[in-house]
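Two complexes follow with chain A in common, the first pairing it with chain B and the second with chain C.
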Partner chain A sequence: MENNAPIFQRPSRWKISGLFILIALACLPFADLTINTFDPMAELDRLFSGLLSPSLYPIESPIDALLQTVAFAILGVSSGSVIGFSLAQIFHFRLVRTICALIRAVHELFWALIFLQIFGLHPLTGLLAIGLPYTATFAKVYAEILEEGDRRAFDTIRHSSSFTSAFFYARLPDLWQHFIAYTSYRLECGLRSSTILGFIGLPTLGYYLSSAFLEGQYSEVWALLILFYLLIASIKYWVRPKLLPVYLLISPFIIANDSHISFDNVHRFFTQDIIPLPIRNGQGISELWLWFYNLFINEALPGIVNSLVLTQLALILTGFITLVWFPLISKLFFARFARSIGHFFLVVMRSTPEYILAFILLTLWGPSMLPAIIALALHNGAIIAHLMGHYSDALPLRLDATKGLNRYAYEVVPRIYGQFMAFLFYRWEIILRESAILGILGITTLGFYIDSAIQDIRLDRAMVLIIITALLNVCIDTISRHIRSRLRLSMGPEIISK
Partner chain B sequence: MTAFESIVRNPLNRLMFLSTPITFIIYQLQLIKNGSNRMQSKLRRFIQSSFLALLVTSFSSTVLSAPKTLMFSAIPDQDQTQLIKRFAIVADYLSTKLGIPVKYIPVKSYSAAITAFRNNQIQLAWFGGLSGVRARLLVPGSEAIAQGLEDTEFRSYFIAHHSTGLQASKDFPKNISDKTFTFGSKGSTSGRLMPEFFIRENLQKPPNDVFKRVGFSGNHSRTIALVQTGAYQVGATNYKVWEKEMKAGKIDSSKVSVIWKTPAYPDYQWTIRGDVDQFWGEGFKTRVQQALLEIKDPALLKSFPRSGFIKASNNDYQPILETARKIGLID
Partner chain C sequence: MFHLQSANASYNNKDVLVDITLQIPAGQKLALIGHSGSGKSTLLKLLYQQRPQDISLVPQDYGLVSSLSVFHNVYMGQLAYQPLWYNLVNLIKPLKKPLQDVEQILDNIKLSDKLLEPVAQLSGGQQQRTAVARAMMQGSDILLADEPVSSLDEHQSKLVMSLLCNDFDTVVLAMHDIDLALTYCDRIIGLDHGRITIDAPTTSLNRNDLLDIYGE
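After this line comes the complex of A and B, so read on.
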């Protein structure tokens, strides 16, 4: 007998969500989630009592660190945006896309570790560590913005004028706002990046922040963090188009130091340092294979497994946190005053780099995956909650719409769920990239093994591991794009440029 | 070396120096050809200033690149908050003694110190045993010229949290297996290399198989702090740092105590690049060595902390090199 009634089918978004939750549950037994400190509350207590007495006094040169942070960010981001803009024009070439994807897949901290080997303490190290991955990201996003834009005026003018003038008259004015919005958002990211680069030795805020953390000087930690928040929060007051040329002119003088680049070192890096040891020693292909096999089995594989476990758990937790936090800033749920508190909370959470959050939690709870998962989820959750909150504001409601929890569960969440998943999958690859770098803090993801190889001055191994990390990222990015297109989740230029 | 000379001599600087104005001119020509409107002039202003900025960077780095100042650094093996304060007085002392500007360059990791030495961004360094061996392998001609009085017979202390119930012993404490354990920095001699060597020698297994968890705290004072809070049950630290922190009252002996002292081995030393005589004149290396040996001021010695310096040679560190090879830390 055949049943003609339509069979109830769960929507595919629901299935995918279920699948990812199952994956995360399957990862749980492999994740090390213990709290290792003997008395975590005592440390927490010390951390927050530091908040009551922030002090910059013991820090050697906080203003210089602040200027360095800004100068590296401005130079890195602006060079990235100029080069990225030109790459966006040729982004339809597969080769360009692939190279950009690979460059993007390596976190700026790893770039910094690489450039530190080539240029040492020269400012070029920091400049390229920010500039290079940002160039690749700018190229991609600018290309997306161009693609989503309206081409009709351009196509008409194109018949009677050169490409350049058609582009500047008919395309750029239309999309200019999107470019500006995205670029200024990236400047904020750049400030975070340049702060974090201090953790590995650039003279930015992170330099003092990491020392203060390591020595448990929480008064200094808070003073530096407050300085950092003020810097981020005041961006709209000090980043002005008219002032930008001034900044660009001054910045090189701020970051300049008296170290120099030795061409021999650059040459040696490419011709010796990163060449696998068996080749350098003139051994055969079988030795090379053995070398790679040992590296892969002993370091890359455990690194990959741990990075993925961490990523999947952090992804699910990010999702939950987003769903809990986005109402805090949504007009559909809270009045103006409550929303402004929500905004403040989310701004603090998303401006704190995940690396610093993980660092704080590791200090409190000892080394395990737990602090890393929480740090990734808090940071990314706040970012997506911010976007979702704004998105939900635009939802039209019926006059007799329900209120409170019912409105949340039966009206708003189902209607924004597609967008929510689009954002979450968009962050998936970013979370993976971040989980790799958290290895530098001692969690055994890929970054742990990369950092170890660099500390041992075995750059050949470090390079292989970094390439594996990049490929893993590209894989996840591809899967994520595939899922997003299957579920027909798109974001549009307004959202991209946010 | 004048700015011009250094542009000509350094190929990378030359490349940067020449390519920037060329791109700039090409861009200007492009703009003249296409005329201008408001949007373009905005964009042009922006791009012009970026090019100018790049030009200035390449120029300033070129001008400043002439190595007249002697740069030195030290591995960040303990409390990193006061590094500049601690070593600025050493720089002042060396500067007076040698009659040239001397500058201390702070670094964040052992490997950064080695890289800076290799890149000639520092010419003199206060290295640990392992980092010194690594640096000298990478820079042929470089020499260990002085070591601390204590460095001929250096030791590591194994320390444990009171909750483990471990007691001090003369023999290697085999009952540390299955505890959680932290080394110092990954590239440290007293915090990593030698403790790992004694663990392998006594337990016939690599640390990862011996302990429930193995961590790297980053530096010696951090190791003490982590074992004291119980984040790790057992750790290995530098005995000089332990003694210094004990004196400063930073150690709560009801929470953490020494359970084993390793046999002696050679450790820290001053290493200098082989090519310094070319830059600062014949006999410069000997003068630096003499200046280091003559450090008697307790305020200066406290920075290290050592009671004085004596001569050293590369051969003194042969045992460290062999141990590092045995463990597989050096290929």
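After this line comes the complex of A and C, so read on.
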């Protein structure tokens, strides 16, 4: 027994979890986790005392802001859905897939910053900022839905009818529910996107939210946040298939404003602004290389390092928060009343866009990575905890299974851990994309350098940095997919069936 | 030990047990026989609910955590007796004492070579023996087991049956192997469509009669 004692082999997902925790620990010394404000508790106190007296009164036209938010979301998501659906049909072309991946890899706030330069405050800016990345996402997910659907009926009638009729008769009816479910989920995301576009100047809720924040008007902040929560919570009441045409007809009139597209501007953007400076000045290839080299070393590299450090720390904290929070809504741990409190808490946490959470925490703590990490982890942790809580409800426990923490550690976590990691790795790339945009708030991730370049009207540099950000996202997405597929192999049918 | 008086049970508006009256004294080895769907599992559940603290249970679907090792699954029988911190440490790094205890039980059931293997990698019969080992680890006075040897070959079935009947004072087994029931139990209850159709000491029962009614 002593010599050939069996060795306790931890499963591969344990090892990968451990590896990522080690990476996060290694990132820790490079992360700026300081609290810079003089008296953060007093600020927090002022924030929450605003909750007691929410007031919309000082805001000029809250209803208009609400309508703008909804109109941008509806138009952006619908156009994205229609074009994305067409693209899904030709998603098997590598070129289409690659272009969609690159478009997706750029966050809608960055798209908005780009379109602001081209179209100014014209409604097209907000429309494209939501529509374009949503189109790319819709194309991918719709294509996945089509791929997983049953093709047999379609293949049978394919040759005796036109492609289109065959598609509408033999494919769409079976998949319709999936398309609807995903599209309505994205509409909720669209409302969040449309809200935060206000932070960079569009007339949506975020615009008033950011100015109320900056002025320290916390009563207004809470009033606007509550308005936002009500909007999200009431989706199922006001989003009806029959009402959608009405919304689509009205929305263009709501977002219309009197700004005009300056075609000189558009022309200059493409022919001058985004052309690297050395080329514009007619300098040689060596000058261009030097220009790129300096940009890469001084801005892209620190931006990449900080984005990755922030992402890895936020990822681990997200996982930790998920594991702590999912029991709050699980039937295996709490009775109905306690669960309803848990549900409410998780709904609030996951509906609040991470950008707004980060904005709040930054106001309280000052610019460092700490507020960004916490904001990303709270938002993403709540999303995964919600999914895991529901997943755990379906676990078949024995009649005599233990209770409490023993049940948590022995019966539940080992059973859901594979699913948990799949969700977490799925959100990895999303967290990276979000950590890049939090740079706009002053944390030195890639978004910080992009935003500064745009402020300095050096759009050529901004474009290069945005492309680098997109490529980084594509890289992480590829690694994440690789890990997920490897884990799935080693985890058996437990995860494949879900 | 157990006492049921005109007990009924229904599932989805369908009667599963009808008018069950039953006494089980301590020390008895009782086999419930009958075709699938005759109500054996439901009767076990009713009995379990009478005194859940005193019972070791082997459910029909084993109730194993497939991503954990055999060791951890068997150790789960002990969770209630050990402090929480001890359980948590043992989950991350198997401790020496529980390792020895579990190995002892697995030795008896001829599974000690799989001690640290994940349950997901075991065959059906090995998983079933893991579930049996967990019940033995729990070591209550009473065993309720739903088809505990259904996936085992004849030799292993006999081994497990004799282990269970020796280890536990009171034993109630749902099973469909009539020969095993006659060999290891001292009382047999036959169920048919939710009703008790036979209730007699093993010695007074005739193998062929039972096979006619309850045989496969």
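Note that in this section the second predicted complex is superposed on the first by the 479 of 498 C-alpha atoms of A that agree within 3 Å, B and C clash if a C-alpha of one lies under 4 Å from a C-alpha of the other, contacts with A are read in each partner's own complex, and residues count from 1 in each chain.
The rule we apply is simple: a residue touches a chain if its C-beta (ideal position, glycine included) is under 8 Å from a C-beta of that chain, and two chains touch if they have at least 3 such contacts.
Everything quoted here is computed from the prediction, not taken from an experiment.
Peer 1: After lining up the shared chain so the two structures overlap, which partner does A:Val266 touch, if you call chain B first and chain C second: first, second, both or neither?
Peer 2: Only chain B; A:Val266 stays clear of chain C.
Peer 1: Taking the superposition on A as described, I'd like to know which of chain B and chain C A:Ser165 touches: first, second, both or neither.
Peer 2: So A:Ser165 only meets chain B here.
Peer 1: Is A:Leu397 in contact with chain B, with chain C, with both, or with neither (first, second, both, neither)?
Peer 2: second
Peer 1: With the two complexes superposed on chain A, say which partner A:Asn473 touches: chain B (first), chain C (second), both, or neither.
Peer 2: neither
Peer 1: Is A:Pro414 touching anything from chain B or chain C once the two structures are fitted on A? First, second, both or neither.
Peer 2: After superposing on A, A:Pro414 lies in contact with chain C but is clear of chain B.
Peer 1: By the touch definition at the top of the document, which applies to A:Asn406: first (chain B), second (chain C), both, or neither?
Peer 2: The answer is second: A:Asn406 touches chain C but not chain B.
Peer 1: State whether chain B or chain C is in contact with more residues of chain A in the superposed arrangement.
Peer 2: B
Peer 1: Name the contact category of A:Asp258: first (chain B only), second (chain C only), both, or neither.
Peer 2: first
Peer 1: One more residue to check, A:Leu244. First (chain B), second (chain C), both or neither?
Peer 2: Only chain B; A:Leu244 stays clear of chain C.
Peer 1: Which parts of chain A are in contact with chain B and also with chain C?
Peer 2: On chain A, no residue contacts both chain B in one structure and chain C in the other.
Peer 1: Any idea which chain C residues touch chain A in the complex?
Peer 2: It is residues 45, 48, 52, 55-57, 59, 61, 63, 65-69, 71-72, 76, 79-80, 84, 87-88, 91, 93-94, 115-116, 118, 120 of chain C that touch chain A.
Peer 1: Write out the stretch or stretches of chain A touching chain B in their complex.
Peer 2: Touching chain B: residues 36-39, 42-43, 58-60, 75, 78-79, 82, 116-117, 119-124, 127, 162, 164-165, 168-169, 172-173, 176, 199-201, 207-208, 210-212, 214-217, 220, 241, 244-245, 248-249, 251-253, 255-263, 265-266, 277, 366-367, 442, 451-452, 454-458 of chain A.
Peer 1: Within their complex, state which residues of chain A touch chain C.
Peer 2: 6-9, 11, 396-402, 404-406, 409-411, 414-415, 417-418, 491-492, 494
Peer 1: For the complex, give me every residue of chain B touching chain A.
Peer 2: 6, 10-13, 30, 34-35, 37, 39-40, 42-43, 45-50, 52-54, 56-57, 60-61, 64-67, 69, 71, 79-85, 103, 105, 107-112, 114-116, 118-121, 134, 138, 161, 163, 180, 185-187, 213, 215-216, 218-219, 221-222, 225-226, 229-232, 329-331
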